[in-house]
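One chain, chain A, links the two complexes that follow: it is found with chain B in the first and with chain C in the second.
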Partner chain A sequence: MTYPFKIERLASLQAAARRIADLQGRAAILGGGLELLDFARSGADQTPEILIPIRQIAPMSYIETRSGEIRIGAGTSIAEIADSTGIRRVAWPLTESANAVGSSQIRSQSTLAGNLLQRPRCWYFRNGISCFKNGGNTCPAATGDNRYHAIFGGGPTYSVFQSDPGLALCALQATLVIVSPDGERTMPVTDLYVDPKQDASREHVLKPGEIIREIRITPLTDRYVGTFMKIRERSGFDFATVSIALIYNNFHGRFKDIRVYLGGVAPRPYVPEKALNQIQYKKLGRGEIPPAADLAAEGAAPLEHNAYKIPMVKRLFREAFEVTYEKLSWRPD
Partner chain B sequence: MPQVSSPPTFQWIGRNPPRKESIDKVTGRALYIDDLKFEGVLYGKTIRSAVPRGILKNISFLPGVPWGEFTIVTAKDIPGKNIVSLIELDQPFLVEREIKHAAEPIALIAHPDKGLVEKAMNFVKIDVDELPAILTIDESLSGKNIQWGTDNIFKTFHIRRGDPDSIWSKADVVVEGEYWTGAQEQLYIEPQGVVAVASREKGVTVWGSMQCPFYVQKGLKPLFDLPEDKVRVIYTVTGGGFGGKEEYPTLPAAHAALLSWKAGGQPVKIIYDRIEDMWATTKRHPCRTRIKSAFSRDGKLAALKIDATMDGGAYATLSAVVLSRGTLHSFGPYKCEHAVIDTRAVFTNSPPYGAFRGFGAPQTIFAIEQHMDRAARTLGIEPDELRLKNILRKGDAMPTGQIMKEDPGVDGVLKKALDESNYLEKRRAYREHNHADSRVKKGVGFALFFHGAGFTGSGEVFLDSKAGVELTAEGGVRILSANTEIGQGSFTTHSQIVAEELGISYEMVEVATPDTAVVPNSGPTVASRTCMVVGEILRKAAADLREVLVKSGHLPGGRHTPEEFRRAALRYRETQGELKVFSKYQPPSGIHWDDKTYTGEAYGAYAWACYVSDVEIDMTTCQVEVLDFVAVQEVGRVIHPVIAKGQIEGGVAQAIGWALYENVVLHQGVMQNIQLTNYILPTTADTPPIRVFFHEHPYPNGPYGAKGLGELPMDGPAPAIAAAVAFAIDRNIASIPILPETIFEATNG
Partner chain C sequence: MDKAPVSFRINGKTWSGSVHPLKRLLDTIREDVGLTGTKEGCGEGECGACTVLLDGSPVMSCLVPTCQAEGKEVTTIEGLVRDGELHPMQDCFIQEGGAQCGICTPGMIMAAVAYANDPDSAEDMREALAGNLCRCTGYTRIYEAVRCAMEKMGDSGRSGKKDEGSRKKKAGAT
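Coming up: the complex of A and B.
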């Protein structure tokens, strides 16, 4: 297959950042290339003319521990993350989420940053139907077949957040190191994703020329429990219908430092605040879980075809807490 | 290893020699059609209709593409007849005037730059005057919009035995039900693909991924008005077919050949991508079956009325024969003295439905098996007990009048399957569990069924298949047959049969590439006939070859070593030259079939089977997980246990897809979810352990007793899974696929 891409090899990340900033939408970074190939084949998006391979410019594929943090190169493959014993030991929800991505071929080829920045799976968008995300000014899913779309925080667009590792990284409170034409900065991964009410055309806040260089995680101590879980239509090769990343610890016999994010239900990683507040600081006990789970879908505004996600959210919230509860080193019941 | 009831007493039969093509495939040496390189090749693309019905007004080629560099073909460029030669002569290769379905081929373009030809497709404008389309079976039968014949009906069948109408009023219990099975895409791994070189001087040569080279040859002769020896079709290594490469490859082959013909003989390659393949090619016939049955209170089946309608799509293609097989499997392995069966295949403006593993039988078997479960529920009798009261035994007759001359052993198959799956105990335990637990429901269910191997009725006689063997220069033997290796292991099992018959080593047997210029027409690679029918022809040819060597004094009569055979073969070739021996199909004695009344022996041999499925349903996600699957079948003789088990496992997995996941979403008659992201297939992680058991009861007319088994595993899983789901949620299940939505609606409706 021949596509009209031009490859440009640049000397440094900084140079790549500058070049992309200059070319605006006409250039893109080539990491694993999965999204680029998909879009080139479907013709559903303005395919960039110039590709800048990133993994050869600087070390981009590594997992190391430094300054008490786990540092993951943005070009590290999902498979390497899934296989890393270091990550499994101190950031296991990320391991679980990496294992839930696509298929082994996709995990081998895709990069962590590419996964974080993947465009929505919305079937209107992916099939080139005019919408906010491809230059149009509607969201066909609002009134169309929206069975896979948002039940929280939608409008004007209703596509959902689909990155499994992204959800786990939110719960892990990961930090991103961003290279831009002006230098380098860090930001929490939870700030990466944009509310469609502010910008319906895109999903993240990075400007052209801003490149994720590294992802940093503070290791979980053994007081913490956590998990990543995903409901999907088949057991592999599939995106989440509903997913959850959950982390908390036992703080003097109480549920503490709960971080819970839902995927597949909102345009961004979604925090079920009501449920979270219900259980935060409560004394550890199995009985606390069901009342919180019942609140997990509070505030949901389902569309015509996706109310089925509401019981799934409650159920997954409950299961995630129940599964992790069993792993607590101390529990009263 | 699967359990086989009798240990092998043969040199090669019942053993597991390495597959003939396996080394090439695992080392990447095997060349599929897209791997073949041709000098100066043009890439061809098919311009298709976007609407289900209309009158073609104009085809325009818009500026923006260097059209002068392209080869362009429309219907008016066709040198011969613009008709696909199948059962009915109704389908054009390219639309001349009336478009009958979305995705119908209208024009062809080719260019040396593959990227450019893809881009150019967007610069072809088709002007159509749209006409009202028929999109459902009911619309077709309503008579308001007649587009085929006088009634939109491609074919009907009628079978009658006894007088069911005399029973209904007297019956203790009458059970009625309507059942629906959806379309299904074959989803071979390798999409449709061909390369053609065609010119008036040199004739037409086609290489391609296909099941039946002689079908393609038959289709191309009238298209170019060429004699048989000027049309050559060569099979290339084929990545799966499942029926999808039975009749369909004639179309891309014709299209590539037409482009090459117009381009002055330059080779033209047409490879469909997955989207085009799913959008435009044939699928399993959707089928609606209505069943009315009368039972005595103790569960004896007294009368049966079956009415099935299949959606055939926009052209007749193979619908008549698919319907025939569906008809002949609709009554299940049950005795019923009063039965009437009416079936029909109807026209709609959908792309034609076509051959798919099972060929109509899975549709009607699903209906009768769900109906038997429904009857058991109504009667308050356990499904296994109801079956045992009604199964065919020695001396019983099918509604076609076919008498069971010996006991088919259905009860043995049923008992074995129930024992291996621990069915009765699970049934009790799951009842208790379901009573107590509302989050997860458990179910176990089974299906009892048969599959007739080979062509129906007199089909094999009309085919008049011929196959042979020849001596090679190395003193071995080469198989000459048109039957293709599409993953089912035919090259291997045929080699085993020939090696066994000749008393030589398996390695001394090779298989000629199915090439219409080299091999005789041994019939199509379809209908579970390749091992049973063609295998037996090859066995006879091998026996005749040995006899020639013995009679000519080169080989001693009686036993010989492989080395003695090799020396004899070499001596024969030195002194007498080449030796090719052919044999033809001979119908088994005592088989009579009447095509007019649809009575007699529809099939010489049936494989009998019972499949049991154990499922768990998450009542929040409404997802069904198959936890365990037991497949017990009687197949005559297992030639290669690993391949046979592979056939069963693959078929079961494919049928799990049909039962639980694969939902062909139609709009304007054509499939919408044409990507693997939204046409959901089960992955290996969704597939349970499949426990395979073979019973062997050698069939005297199959090679070493073998019967066909390729399609059998497609028949049983859907009804077995539906039965298990019905048990788990305590509701009747009447349609597949059983999506989470189906469960949700059934339990919340």
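Coming up: the complex of A and C.
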């Protein structure tokens, strides 16, 4: 194996941000390194020439509570998140999603920010076949073997969103703290992912030189229920065929503040609007769940080989609501 | 293509050398340190054959750039032997027939040792070993071996259960 990389060690995150911005696409952050060695082996991606190890520059691996928020360093491993009793207590969908990531080895190695920014698992892209994601101008999955691809969104790329913690963080309305050459800013995690109709070549909106430093979560109070669930082909460990993150609360006997995101079905975390609107503000009752679940795949435009995901979406939506409904502190039926 | 000095502890001894910072830890262990007990299977993080412990956590050494091991403690299958005695996990794999062709065995044992040291790190044994593939045994004998070893190790043999799991090294407490 050859290693066409150079390592550069810099003094601060700000310096790293400036250096990466200057070098544009030629430099990248070295976090857990999983994607990097995977791509170096397969040669499927344009690997960067210069790497900047990030975890040695600043404290990037921590979980702490400050100003009423849970703050997670971007370099914290998925295993540390899965292990944290603090997160389990007030942001348990994130714990559930962390436990669903890879195997114990992968969880020990991978970082939260790396997981959020992982490139698509599409087999055309990963095997170096020309596509929008690697400089080409087509999506081979549109007409090829698209059994694992998107049923929502209508292209032009059909790779799917695969980050389990990313889905949970959307439902938790997490905030990202981003270091850039000009300073620091915050951004809702729901704004991180780019619409492929705007830019099919990438998955997130961060520019070169923008580095996720921290992820902040407002703790859920005990009025809330929520879950993360995932259907996968191999139960040992696998990426999601369809996944869901769901959070809502009981507000004077009604379904309120519902946040529901689907993974594995669209290039970005997908909000099933019709189903959401159907059940939002309805009086709590088991009977409200099935009619909403029936609408969960509204607007789907499956490709030749992936229509099987439609009943899966409906079923998972229904199961997620039923499981969480049982956990409400008060329910009429 | 430049090599760089790197130093880490492996099986209790300090090792220093000059390798490319992004050379796979697997290759550094086999080619530079000279310990060939760690095996390469798929080379892409699917099979777990190359599992070693990095500061006590199981990792796939085919996906760890060597620079990530700087200053850390690496444990390979060779490091389990104490005073010429096999580790209880190794003993039990032999006793229960947990190995056949043997290519998955070093990684399987390392993942099993990590789980035995910190049973809270996974829901159960099957989940803990989900990242390690074996095409010979059908897993039943492996599970028997791990069960046997965990009984033998008891509480005294483990490295001690910590509040939030032994993987938590740098993370602040919450």
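Details
By our rule, the second predicted complex is superposed on the first by the 330 of 333 C-alpha atoms of A that agree within 3 Å, B and C clash if a C-alpha of one lies under 4 Å from a C-alpha of the other, contacts with A are read in each partner's own complex, and residues count from 1 in each chain.
Quick note on the criterion: contacts are C-beta pairs under 8 Å (C-beta built on N, C-alpha and C of every residue); 3 or more make two chains touch, one makes a residue touch a chain.
Everything quoted here is computed from the prediction, not taken from an experiment.
On the superposed chain A, the positions of chain B and chain C overlap enough to count as a clash.
Partner contacting the larger number of chain A residues, of chain B and chain C: C. In the superposition on chain A, A:I231 makes contact with chain B only, not with chain C. Applying the stated contact rule after C-alpha superposition, one finds that A:G102 touches chain C and leaves chain B untouched.
In the superposed model, A:I247 lies in contact with neither chain B nor chain C.
With both structures placed on the common chain, the touch criterion links A:I215 to neither chain B nor chain C.
After overlaying the two complexes on the shared chain, residue contacts for A:R121 are found with chain B alone; chain C is out of touch.
After superposing the two complexes on chain A, the stretch of chain B that clashes with chain C is 24-32, out of 6-14, 24-32 or 348-356.
Shared contact residues of chain A, touching chain B in one structure and chain C in the other: 1-4, 236-237.
Those residues of chain A that touch chain B in the complex are listed here as 1-4, 121, 123, 231, 233-238, 241, 308, 311-312, 315. Those residues of chain C that touch chain A in the shared complex are 1-2, 4, 20-24, 27, 43-45, 48, 51, 54, 57-60, 62-65, 67-68, 111, 114-115, 120-123, 126-128, 130-132, 163-165, 167-168, 170-174. Every residue of chain B that touches chain A in the complex is listed here, in rising order: 113-115, 620-623, 661, 676-678, 680-686, 740, 744.
Residues 1-7, 30, 32-34, 36-38, 40-42, 51, 53, 59, 61-65, 70, 73, 76-77, 79-80, 83-87, 99, 102-106, 108-109, 236-237 of chain A are the ones touching chain C in the complex.
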